[in-house]
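Before any comments, here is the structure.
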Amino acid sequence: MGILSEGQTCALLLFALVAILEIYFHGQKTARHLRRIEGVEKIDEAIRRATEMGRPVLSSTGIDPLYSTCAPAIIANLDVIGHLAQETAKLGTQLILAIGPSDVLPLATEIYREGCVAAGVPEAFREDNVRFITDEQWPYTAAIFGIMEREKPAANIFIGRYHAEALHFGVIGKRTGAITIAGNTELGMSSFFVVSCDYTLLGEEVYAAGAYLSNNISRINAISSQDIIKWISVALTMIGAIAVTMGSSIFTNILSL
Amino acid sequence: MITTDIGIWIGAILTIFVFSFLYKDNKFFRFAEYTVVGAAMGHVLIMNVNAIIQIGWAQLITGNYIYLIAFLGGLLLYSRFWKKYAWLMRYGIAIIIGTSTSLAVRAAPKAEILEQIKGSMVPLLVPGDAFGTINNIIIVVFTIATILYFIFTMELRPSPKIADKIGRVGRIGLYCALGYYLGNTVMTRFTFLIDRLQYLLLSWLGL
Amino acid sequence: MSRRNILDILTDADPRWIYLLCLTVLSAPLIFPVGLPLVVGDNARGFYTYIESLPEGSKVAFSWGADSMTWMEQGLGATVILKHLMMNPGIKIVAFSNMAQGPLYWKMTLEKVGTYGKEYGVDYVYLGYLPGKEAMFAAVAADVWGACGGKDAYGKSLEDLPLMSDIHSANDFDLYIHLPNGIDPVMISIRQWQMPYEIPFYCIPLGAVQSSLVSYRKTGQISGWIGSAREAAEYELLMNSPGLALSGMDAQSFGHIFIIVLIIIGNVGYFIKKSRGIEK
Amino acid sequence: MKMSETLKTKIPKLIIFLCGVLTIADLYLNVPVSVHNSAITLQKIAMVISAFSIGLGVASILTHHGGAIMRRTGGWYFSIWLLVLFAIFAIVGFAYGPTSDQYMWLFNNIFVPVNQTMYSLLGVFIVYALYRTFQAKNIEVGVMIVVSLFTLIGRAPIGGYLWSGFPAIREWCKILNLGGYRAFIIVSAIGAVAMGIRVLLGRETSILGRGGE
């Protein structure tokens, strides 16, 4: 019995590698260039459109509590909300936040408030714009239907982790004439967003959205550090497949270590 | 025969109220919406209070005083009502975030990265099975192309022309997966809808 | 002009017409069943033959984890399996629930299915809701009497129920069936029932977890399952007793064809419009 | 100022880091039983803190709907109804317990039907979405349509009867799906792990506020 748990050696190495790359790239001063993500670019456009129409912007954080395995996606979502708060405060547009789980509520409220402060318009923050619903999936969906139909937001921005309610938001968003920009970190429910929303962010684009919007050098470079891991994954898949073809299972065995 | 069970009557009426939203937003739907939100709120309150009692309080009264941290951290969340001390809530939030984030990501390298890569390490040539060979090549190509599609940094991409082509293949692989999932879920979705219709037509109206 | 109108109607129909059509297409077969053919798959056949092959006097443990959140999906399967067990005169059933709503759905389903002459206490027993998750499963498997405090769901002493005199632990059962509301309960069943007592284990899982179960079937830890409305319908077909699942199947078939036709209409319309240069 | 920054930002960041290290070490290292137990205790503590936040939710609901009633904004009487139901559920739940017959009756006849009908709307929405927006505007969507058409017909109860090839084609679509599916999971997980590490290292400033940055 060694220091490491059985079967976790490679995973720990990978984990450490992500951390080391993150720390290494954090120190770099020059920003890399990123390819465009259409959905992210359209966010500011959607806010401007809402401003012109004099209608609010709606956003949410999904139904998963902060204390759940969706925490990273929720934090990515809150990043986007911070940006929305700044932009809407600058333009004087109302931002409605529909919050499901109660442990996200204090965090989302603070991020909203600080976004308004950062934009130099602290009075733009109104406690009443943060609507708590409950993390029960369908009551949450029903309440968002209500907001969509009665307050007619012109932009619905759902970038995070969503479940079957994804399709509901896309379809009703269309009915109320809003632009819906959505992103999901789960494959299955992403397909609902793809068929019903105007712009969709898929998978990792959700985690990257915050960095794209922030224009912060260290955060953009953090994305580059993840790209290196992706290259490693590609190389491993390729080499492994070739090795298996030649009858050697050495790589599958190494990965199981 | 139409049922005389009051529970089914309430349920059926609420069901119709929700369906009416398909036509347009109306007072009936709003009634159903507020009903379910109010009910859910009460339900969630009870569940959370029970969790506090069963997980936290039960330990505390057996002398497990480490759980005082839980109660302290929980109460600190309420500091946000006093602007000057609002930062105190970060202590409670920090425990939640630190624990949940690390719980969420700690198993991912193994289960979601390495195991999946391993899954795509399939022989590119299956002797005597042309169909199997093609299938395996499709799997490997789609896996690689889709990962490459997600590379964001320009400096880390192959030349633009190649990157575009690979990106295209990657997107096709991705959309195949989306299409497969979509086609597969329709049945479950219909099952739910049919269940509701059976509830209305059979349980309630007794047709 | 008129041709274009038809095109517009077909490709740009008001969503409300689509909703109405969809609801009609799905409800019509419920009222007027057509009896479209259905091919019985291996899952349903395997489960069915196993129960049929049980000898007279076999005892079945039924972990009835019914819950309102998953009942829409699992209810059909649970109902048909309970019905099959009830219809089979030689089989004795002992059921218990790990979900708080279990008793409610037990009562409801039993009323719907009927007992086919089975007598409570002699042929079947319901122990009610037993809290405690994994520890509860382990406790019931080790000592049924102890786990439920010597009483059934209705407060009767187990000593008054003749069936219970032969039943003390998982070793006394010939089959274990579980209605799990997710993947975790299935794992618990494998850990606490199947592995230690080597009892055949069948379940009625959610559609979403089925693919994760395949590897456990390969290792024999799970003997089989019926997992969707369709498999429940196939099961009803095998039993020759059409029920809700089978009547839903016509609706499923119509619904699927309806959706395919709509996708084709939408795309054909799109291409006609595109070729005429209307779009953009 | 220095002191307050330590209190306001640095210590919370340290807490995040320490909680993270304990939880991660628990999985990867062969830690002593006592460390493993404290990792479990930490999870329970986090759960309790998370449950405590429900009071904030109740406060928010009361302010929002209470305000609507006071101001008599449109539909204020609905807000009364919402609060009444909230009270009924909470009182019955506390008085009799959430597994009691009384509570179950309320739950199953009021909460469940609306809940399930909301869910079942998926069935009609998916039909509409597929009809209206599922058009082959480019190759990717075209492929997606073809794959989902074959999956649909292969999955439909009548599919296998019409032609035994349909279920077989659906099985083959599974192969087509595998590559994209795996890559999606791998890449999302990389994003999540990197995000998690940034959070643990205190780089995600948004979650603990900008004060101190």
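Should a chain be cited, it is by its letter among A, B, C and D, assigned in written order, with residues numbered from 1 in that chain.
Just so it is clear, a contact is a pair of C-beta atoms (placed from the backbone, for glycine too) under 8 Å apart; a residue touches a chain by one contact, two chains touch by 3 or more.
Not measured: the values here are computed from a predicted model.
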{"item": "Chain whose mean Cα position lies farthest from chain B", "value": "C"}
{"item": "Top chain pair, ranked by how many C-beta pairs fall in contact", "value": "B-D"}
{"item": "Separation of mean Cα positions, chain C and chain B [Å, integer]", "value": "22"}
{"item": "Centroid distance [mean C-alpha coordinates] between chain D and chain B, Å", "value": "4"}
{"item": "Rounded Å distance, chain A centre to chain C centre (Cα mean)", "value": "35"}
{"item": "Overlap residues in chain B, where contacts from two or more other chains coincide", "value": "18-19, 21-22, 30, 32-33, 36-37, 39-41, 43-44, 48, 77, 80, 93, 96-97, 99-101, 103-106, 109, 113, 117, 120, 140, 143-144, 147, 150, 174-175, 177-179, 181-182, 185-187, 190, 192-195"}
{"item": "Set of chain A residues in contact with two or more other chains", "value": "8, 11-12, 15, 18, 66-67, 71-72, 75, 102-103, 106-107, 110, 134, 136, 138-139, 142, 150, 171, 187, 192, 194-195, 202-204, 208, 230, 233"}
{"item": "Numbers and ranges of chain C residues touching at least 2 other chains", "value": "15, 19, 23, 26, 72, 230, 252, 255-256, 259"}
{"item": "Partner chain D, residues of chain B touching it in the complex", "value": "7-8, 10-12, 14-15, 17-19, 21-22, 30-52, 55-56, 59, 66-67, 69-71, 73-75, 77-78, 80, 87, 90-109, 112-113, 116-117, 119-120, 135, 138-147, 149-150, 168, 170-187, 189-190, 192-196, 199"}
{"item": "Residues of chain B touching chain C in the complex", "value": "19, 22-23, 186-188, 190-195, 197-198, 201-202, 207"}
{"item": "Residues of chain A defined as touching chain D within the complex", "value": "1-5, 8, 11-12, 15, 18-19, 22-23, 26, 65-67, 71-73, 75-76, 78-79, 82, 102-103, 105-107, 110-111, 114, 118, 127-128, 130-132, 134, 136-139, 141-142, 150, 164, 167-168, 170-171, 174, 185-187, 192, 194-196, 202-204, 206-208, 210, 218-219, 222, 225-226, 229-230, 233"}
{"item": "Parts of chain B lying in touch with chain A, wherever the complex brings them together", "value": "18, 21, 25, 29-30, 32-33, 36-37, 39-41, 43-44, 48, 77, 80, 86, 89, 93, 96-97, 99-101, 103-106, 109-110, 113-115, 117-118, 120-125, 136, 140, 143-144, 147-148, 150-157, 174-175, 177-179, 181-182, 185"}
{"item": "List of chain D residues in touch with chain C within their complex", "value": "98-99, 104, 107-108, 112, 115-116, 119-120, 123-124, 126-128, 130-132, 134-137, 145, 148-149, 152-153, 155-161"}
